[in-house]
Every structure is written in C-alpha cells, then in structure tokens.
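Below are two complexes that have subunit A in common, paired first with subunit B and then with subunit C.
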Partner chain A sequence: MSNLSLRNIVKRYGRTEVVRNASFQIAEGEFVSLLGPSGCGKTTILRMVAGLLEPTEGQIMIGEREVTRLPPNKRNIGLVFQSYALFPHMTVFENVAFGLRRKGESGKPLEERVNAALEMVRLGGYGARFPRQLSGGQQQRVSMARAIAPRPSILLFDEPLSNLDAKLRDEMQIELKRLQQELRITTLFVTHDQAEALSLSDRVGVMHGGVIQQLDRPEEIYHRPANAFVASFIGKPNRLQGRVEAGTVALGAGLALRPERLDLPEGSAAEVFLRQEAIRVLRAPEPGALAGTVALRAFSGPQVQLVVRLAHGAEIVVEVPSAEDTASLAPGEAVYLAIRPRDIIVLPQGAEP
Partner chain B sequence: MSDMKPTLPISIVALLVVAFLQVPVLVVVLTSFSETSYLTIPPQGWTLKWFAEVLSDPVYLRAIRNSLILAVSSTLLSLVLGVAAAYALFRKAIPGAEAITALLMAPLIVPSVVIGVAMLQYVTLVGLRGSFLVLIVAHVVITVPYILRSALASLSGLDVSVEEAARVLGADGFTAFRLVTLPLIKPGLVAGALFAFVTSMENVPVTIFLASARQTTLPILIFSSVEMGVNPGVAAISTLLIVATVIVLLLAERWTGFHKFV
Partner chain C sequence: MTGQRSAWLLIAPLLLVLLLSFVVPLVLLLPTSFQEYQPGQGMVAGSFTWENYLRIATDGYYREVVLRTLALGLGVTVLCLLTGYPVAYLIVRGHPRWRLPLTLLVIFPLMLNLVVRSFGWIVLLTNRGVVNNLLIDLGLIERPLKLMFNMTGLLIGLTHIYLPFMVLMLVAALQNVPRDVEAAAATLGSSRTHVFWSVTLPLTAPGIIGGSILVFVLTISALVTPRMLGGPTYQVMATLIYDEYMQLLDWPSGSALSFALAASTLVIIWISSRMTKRWAGMA
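So, the complex of A and B:
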C-alpha cells in the first residue's frame, strides 16, 4: 500500500487536450473519486495511472517510485473494469489466480490466497464455475477478487457499477465500501454517478473539460462548491440571478436572500444556487422566506414536485415529500419558500457554464 | 421471419439443387470402386484394386507427400504471419492499416493464374526458380488472406479490456496474448487454418507455374492424368481426398465448433 500522486499531468491527442495539468495526491488508504460527465477526462486519468495510456506531460508516482513510463505489468495495481473483463475461458479460480501466478505464486499458498479473496467478496465455493455461469453482480465481484488477490499497492475502479441494474448497484456500493474499509487500499474510483461518488469517497474530484474543478470532502463539494459548474452538477439546483446589496442578494421585486457567507463585493452581479431538497415549502409567511405562487404540480410517488413562480417572475422547482401537508398545494395557491442561510450558495455571475 | 418454416415447394427445389451439385462427387466415389478400366455408371462390379494401385504408385505417393509438406508448412507459416498481421492491424495504430489489409487480402480477388505467372517471372528474375521454398512462399501468399480474415473477425469480437486486465495483473504483452487473447481467438484461427490448408492442398493455377517435375503436387498430378484420359485411379485418389476432407472438417467442428466463424 502506498500513496499515489499525479504531477502536472497533461494528455493531448493531436491538438485536443483531454486532460489539462492535473495534479493531486491520494494518501495511503484513502478513497478518492473522480466524478464528471462523459468525456471530461476522468477515465483518461485512470488509464494513465494504470499504464494503459502514456501521459503527454507530467509525472505519476506510486509511493516513492516514478511509474510514468512503466508498462502496466510493472506497476502492481488492481483494476476493476466497467465490462468486468473476466477471462471467459478460465474458471473463477483461475481468473482470481491469474495475478498471483504472474508473481510466481503456486500450490497451497496460491490456493489459500485465491479462496481468501473469493471469501472476501462472498463468493467462496464458486471457484470451479465459469464467468458465463454467473450473474452480472457476481461477475463484478469476481473481478474485484481478481484485482485485490495480488495485494496491489493501488486499486483502480473504472465505472464498476454502471453495468448493473439500480437495485444491484446499491448492494454492490455497500459491498465495495465494506471491502475498501477492510483492506484500506489506496483507491481511485471513476464514475459519472454523483450519489456513488459522494457516498463512497473520502474525497471527490469533480471534473469538467479535462480540468479538476474541485477536489474536496463530499460535504464540502455539496455545501461549498468552488464554482458554478460544481454547483450545477451536484444535486438538483435552481439557479437565480441577483445583485449583491447590503449583505444580501437582491433578486428583484423586493425579494432578497441573506446567505451565511457572502464574499462578493457590493453591487456585483451574483448567481444563487438553491438545491431543491434544501428548500422548505410553507403556507404562511416567515421572515426571510420568498413569496410566490404554485405554477405547476407533479406527483411522482414518494415526492411531489412543485414549480413555484416568484414575485419577480423567476421559477423555482422544489421537492416536497408526499406525506407533507404542503404536498397538496394546487396551482394558483400562494406559497412561501424558506431556505437556511447556509444552504444559499452564492457565486460570481458568468464565470462558468 | 427467421422462425418461419420454408414452404414445401421451396424445400423441394432446395433439395434438388443440393442433389444436383453433389452428383459429380457421388459419380467419382462410385466409379472408384468399379472393376472396369474406364469410368462407368453404374460401376461394374466392386473392387478396391484402384486404391491399392494408386497407393502403391511411387509417383502418386511422392505427389501426396509433396502436397502434404507444402500444405502443412504454408498453413503454419500463414498462421504465424497472418495472426501477427491481424493483431497489429487491429490493435495498434498503424498508418494505412486499411490499405495494408486490402493488399494482404488481394490474392482472394486477383486471378490465381495471374499470381502464378507473376511469381514465375519474379523468381526467374531473382534466380530462385525451381526451389521448393518458392513454392511454400507462393502458397503462403494465397493462404494468408484466409487466416487474416478469420483472425480479424475473431479479434473484433473480443473485448479489448480483457487483454488489458491481463496486462494490469502482471502479464507482459506476449504473455497476455498467449494466455488470454490467443485461446479466445483459437476457434476462428482453426477455421481459417482449415481453409488455408484446403486452399494449398487443391491449388493448381499457382503451383503449375512454379513446381518442377520432382515437386509435382497431388492436384497437378490428377490434372495431368486426366489429360491422358480419366481412369478409376484418378477417381480413387479423389475419393480419398474427399474422405480426408470430411474427416478433418468433422474433427474441427467437434473440437472448436468453428462453423460460427466461417
């Protein structure tokens, strides 16, 4: 086990820069996710760490060892693929034994380590089967066992859960978290699923356009996004335009929000991000609440979505649990929206998409 | 559409066409057992003497030996070269990969006679005429497309990350190929190799320009014997060829289920 560090990594294809100057470090035993839409460069970074791609510029270190130009087989890493990538002509046992055999392991010790790895993913006794005889979830667990069996110094995951259906994905997420906590292997996890990234990781790096926009603890990413991209990518935010006036953000028509933190100069244009789930819907006014009328109501089972038109004309989408009294609000009714000052995210206007 | 059963008239027509196409083969097999020294249908009496005669004739035996050596060595060489070429063309970023593939596949389209004449001129020019090696090289040229085609098809059906997984788990490039990629494309390669073997085994137009008298192969010998009149000996050796081919195909099918790759 060791730490992983990337220094000024650049990857160019012709004139297109897929990864721009990425630098970060993953501490020993830490779980870091790279999160972003497809084409943001997250998988490219993972493949460069694995040695399946060579960076155009920069350095990759595993512990004290520079591995930038080393072939994948000299890096001692484990990689779990989205497609599982099991060897279809080998049994589960031989799949898991593959990495150990390459290290010269054989006989009884090999057998013990393979079985231990299979036990760890709860597939003890499946050794004699072939991958095609297993379900998708079981195949992905074999692929995890195969990756951890040789005790890699770094574990990489390339969208490992996105081929599974929703229910199985939740189960596997818990499995994965448990496994990583037991083993405490330095882990880099790549995904486009924010819930997955936030719930699994010690830190999350949000990527866009080949740049790591923010690398921080999940709570920080969620509550204190560094820029408009992160703010709009995480959660389901409403975006409002306003102007900084006397410690508040004035939205127009007398409406104003008073955030906990406001670092922008007086009079500057600001953009306010309000998460749907952070807005409380009230029938009666309350100091600081925004007044509006219900414009649209959509019932989706556990939740009711309300589109609220504010006094100055802008619309906000809010989610109300169906069990709440306010879930029965009908279009045309007056409504008040209360937002805690710490949930009001204010960023300078027009900086990012 | 695919689960619709063909109607009776279509089935009958199909059966008639298949029967018509197979009649010559049946005729050859039947006449090889005939006692007369000329071809007759139906055969007069039953005998194995033509088989005995052919299999004890040193000219035939040498031709069979030449053909086998030629077919085996050119197929093996084509396997090595064709698989290496397919791997490089498919997996690596080679400039002009499409053009190179087309060039290697060209012998399938260029008339064999043209290849034969061209090879003859070329080897005469470089002073290698009459060498058995030249014959092997010529057969590699005409058999490589079969290997290349089936290897390319097999590789394109393979998940690239499977080989990458092997690399990450500590296998160097060649080990990953040997332990993972090669076993997975093997059925396709067996199919390609069979085609290559049969192509080499039955080739006349290229071989006839390049083979010296001592290098006569079986199809050339049959070809020249027929010029002097068809006799049951030719029918007997043809029957042996048919039986051998059927046995090889059945074994290959059992071994690899290769029909999926043809």
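So, the complex of A and C:
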C-alpha cells in the first residue's frame, strides 16, 4: 500500500488534448473517484496510472517510485475492468491465482490466499467453475478477487458496475464499500454514475473536457460545487438566472432568494442552482417561499415530479415523496416553494458551460 | 416446430447437393473397394476381398506413401502455423496502415492459378533453377541442392500455397481476443511474452486448430502440386490414387486408398477438435 500522485499529467492524441494538466494525490488507503461524462478523460487518466497508456507529459508516482514509463507488469497494481476481462480459458481459481503465481507464490500458501480472496467476495467454493458458468455480478466479483489477491499497492476500477443491471449494481456497490473498508487499499475509481462516486469515495474528482473541475469530499461537491459545470452535473439541479441585490438574488417579478453564502459583488449577474430534492413544496405561503403554479405532474412510484411555473415565467422541477400530502397537487393549483438558505447555490453567470 | 422446419428448409439445397455429389458416389464406390482386380481384365464381378485395404497397411510401398503423405501434411501444417502466426499477429496488432497491404500480400497468391504457381516453384527449385544457380554463383555450395522430387520441394510448394488459409483463420481468431483480457494479465504482473503464451495463444486455439485442420486436409488431398513438384516417382496418396485410377485402371485399389485417406482425415479432425476443447478449456 502506498500513495499515488500525478504531477502535471497531459495526454495528447495528435493535436487534441484528452487530459490537460491533471495533478492530484491520493493518500495511502484513500478512495478517490473520478466522475464525469463519457469522453471527459477519466478513463485515460486511469489507464495512464495502470501503464496501459503513456502520458505525453508529467509524472506518475506510486509511493516514492516514479512509474511514468514503466510497463503495467512492473507497477504492482490491480485493475478491475468494466468488461470483467476474466481469462475465459481458466477456472475461477486459476484466474485469481494468476497474479499470485506471477509473484512466485505456489503450493499451499497460494491456495490459501486464492481461497481467502474468493471468500472475501463471497464466492468461496466457486473455484472450479469457468467464468462463462457465472452470472455478470459473479464474474465482476471474481475480477475483484483477482485484482486484490496479489495485494497491489494501488487498486484501479474502470467503471466496474456499468455492465450490471440496476438492482445488482446497488448490491455490488455495498459489496465494494465493505471490501474497501476491510482492505484500505489506495483506490482510484472511475465512473460516470454520481451516486456511485458520492457514496463510495472519500473524495470525488469531477472531470469535464480533460480538466478536473473540483476534487473534494462528496459533501463539498454536492453542497458547494466549485463551478457551474459541477453544480449542473451533480444531482438534478434547476438553473435560474438572477441578479445580486442587497444580499439576495433577485429573479424578477418580485421573486428573490436569500442564500446562506453570497460571494458575488452587488449588481452582478448570477446563476442559481436549486436541487429538485432540496425544495419543499407547500400549499400555503411562508416567508421567503417562491410562489408559483403547478404546470405538470408525473408519478414515478416513490416520487412525484412537479413542474412548477414561477411568477416570472421560469419553470422549476421539484420532487415530492409520493406519500406526502402535496404529492396530490394537480396542474393549475397554486404552490409555494421553500428552500433552505444553505441549499441555494449561487455562481457567477456565464463562467462555464 | 416451425423453427425446426424452416431450419431444414434453409439447409436443404446444400444438403441435396452434398447427397447427390458426395454421399451417393461414395456409397457406390464402397463396394468397388472390396472387389478383386485382375490386371488386363479389370474388376472381377461378384468377388469380395479385404486385400485392397490390407495391402495399404502391409505392402511396403503403399505404407511408405501413406506415411509420407501424413508426414507431409503434418510438416506443411507446422510450417504454415509457424510462418503464418507472426504475419497474422502483425496484421491484427500492427499499425492499421499496414493491415490492408499485408492482407493483400497474403491473399495475392490465391489469385494465381495453381499450375502457374507450381511451375513457378519448378523454375526456382530445379537443379539448374534460380535458387541453385544463385547459391552456386555465390560460392555457398558446389553442387546443386536437391530441392525437387523430394519432401523439401513438396514442403516448400505446399506451404506457400496453403499459407493464406492459415493466416486468414488466425487473423479471425486474433481479432476475437479481447484487448482488456491481455491488459488484465499485464496488470497482474505478466510480461509481454508471458501474456502471449498464457493468454493470447490459448485464446486463439480455435483458430490454430481450425487453420491446422484446413491446411492438413488440403495438403494430404492435394494432387496438382505434388505431381508437379514430386514428379512421377515421388508419390503421395492423392497422386497414387490418381495413378491407380487413370494409369493402371485398378479401381478397387484406388477406391480403397480413397477411403483410407478419407478415414484418416476424419480421425485427425476428431482428435484435434477434442484437443481444442481440452486446451482452450472451452466447450
């Protein structure tokens, strides 16, 4: 186990920069996710750490060792692929034993460590089977066992849960969390699924256009997005335009929001991000609540989504648990939206996408 | 049920052609192979004998031809595999710019007539041929090497002719090897060489076996090239069968040889498909 640090990493293909000057550190035992839409460069970073791609510029260090130009087999890493990438011609046991054998392990100790790794992913007794005889979730667990068995200093995950169906994905997420807590291996996790990134990681790096936009604790990312991209990418935000006036953001038609923090100068154009799940829907007015009318209602089981048209014409989407009284609001009815000051995210307008 | 019926309908045309042009003649040939042959008179009507088959195993000359044919098949297969694998690997894994020229280069010989290609080899390989003249002129040898009318000539000629089949099979197999699986092996501490031997090669086993069966079967049944490069005296089974039928008019003997050839082919295909399953761990 050791820390991982990237220094000014750049990856160019011809003239296109896929990764622009990425620098960050993962402390020993820390779990860091790179989150972003496809094509944002997150997988490229992971593959450079694994040694499957060579950075155009910059340095990669594992512990005190520079590994920037080392081949993958000299880096002591474990990589879990989206496609599982199990060896189809080997049994589960041989798959997991592969890395251990490369380290010169054999005989009884080898057997014990393979079985321990399989036990850890709750696949004890599956050793004699072939990958094709297992379900997708089981195959992914084998590939995790295979990656952790040789005790790598860095563990890398490349969208490991994306090929699984939704239900299995939730189960595997819990499994992963448990595994991470038991092993405490330095981990870099790449995903486009924000729930996955937020729930698993100690820190999340949100990427866009080859640049790490914000690298911080999940709570910070969620509540204090550094820029408009992060604010609009995380959660299900509503975006409103306004102007800073006397400690509030005026939206027009007499509507104003009073955020907890407001770092923008008086009179500047601002963009307000309100998360669907952070908005309370009321039937009666309350000080500070925004008035509007229901324009649309959509029932989706546990939640009801309401599209509310505000007095000045902008529309806001809100989520109401379907057990709530307000879930029965019909189009045309008047509603009031209350937002806690700390859930009002204000950023300067037009800075980012 | 409809599914099954339409499946039968779909393969019916091919089945019919095979039945009429392959199975029926084969069945008609079977009795012939058990008939006695009197030189000068032809087949003895109503006779039955195992002699034609026994002779293949007991007669020294026949046995030599059979073993030579099998050795030739094995040799050409191994040579095609050893020379073809690197080419296929380069086509699949090399720079994409080289893919088309290399593939064309591999396929090109197939566009030339078999007789022309064999003649080409004669020009190169005879005692006063290009290769021998060159070697003598360079002072590397004093007397011409014997490159024709023996195993060397047949190995060279047939390897050249059947190499494309092997390469094309291997290209298909290599394209099916997922890069992630190789990358996984590398991250687990495998050097490039070890990745090749432990992952790439076993995963291309179906292509290796498929290509080998194809080349082997084509080689042991080849007629034109062995006849041209082997001459009238250096016989393989195919040329021997041809002579039995066309020169000696000994149909029973020719038929028996044909059946022996077909049977050994089937046995070899069966064994090798068993081997693939065991080796590649795939059912």
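Going forward, the second predicted complex is superposed on the first by the 353 of 353 C-alpha atoms of A that agree within 3 Å, B and C clash if a C-alpha of one lies under 4 Å from a C-alpha of the other, contacts with A are read in each partner's own complex, and residues count from 1 in each chain.
Keep in mind that, in the parts below, contacts are C-beta pairs under 8 Å (C-beta built on N, C-alpha and C of every residue); 3 or more make two chains touch, one makes a residue touch a chain.
Model, not experiment: these values are computed from the prediction.
Following superposition onto subunit A, is the placement of subunit B relative to subunit C best described as a clash or a fit?
Partners clash after overlay.
Answer with first, second, both or neither: which of subunit B and subunit C does A:Phe130 touch in the superposed model?
The second partner, subunit C, only.
Tell me which partner A:Phe24 touches in the superposition: subunit B (first), subunit C (second), both or neither.
neither
Could you look at A:Arg146 and tell me whether it touches subunit B, subunit C, both or neither (first, second, both, neither)?
both
Touching subunit B and also subunit C: which subunit A residues?
50-52, 71-73, 75-79, 81, 83, 85-89, 98-99, 102-103, 143, 146, 150
Hey, which residues of subunit C end up touching subunit A in the complex?
178, 180-181, 183-192, 194, 198-199, 202-203, 205, 280-282
Going by the contact rule set out above, which residues of subunit A touch subunit B in the complex?
50-52, 71-73, 75-79, 81, 83, 85-89, 98-99, 102-103, 143, 146, 150
Name, in rising order, each residue of subunit A that touches subunit C in their complex.
50-52, 71-73, 75-79, 81, 83, 85-91, 98-99, 102-103, 130, 132, 143, 146-147, 150, 156
Given the complex with subunit A, which residues does subunit B contribute to the contact?
Counting only subunit B, the residues touching subunit A are 159, 161-162, 164-173, 175, 179-180, 183-184.
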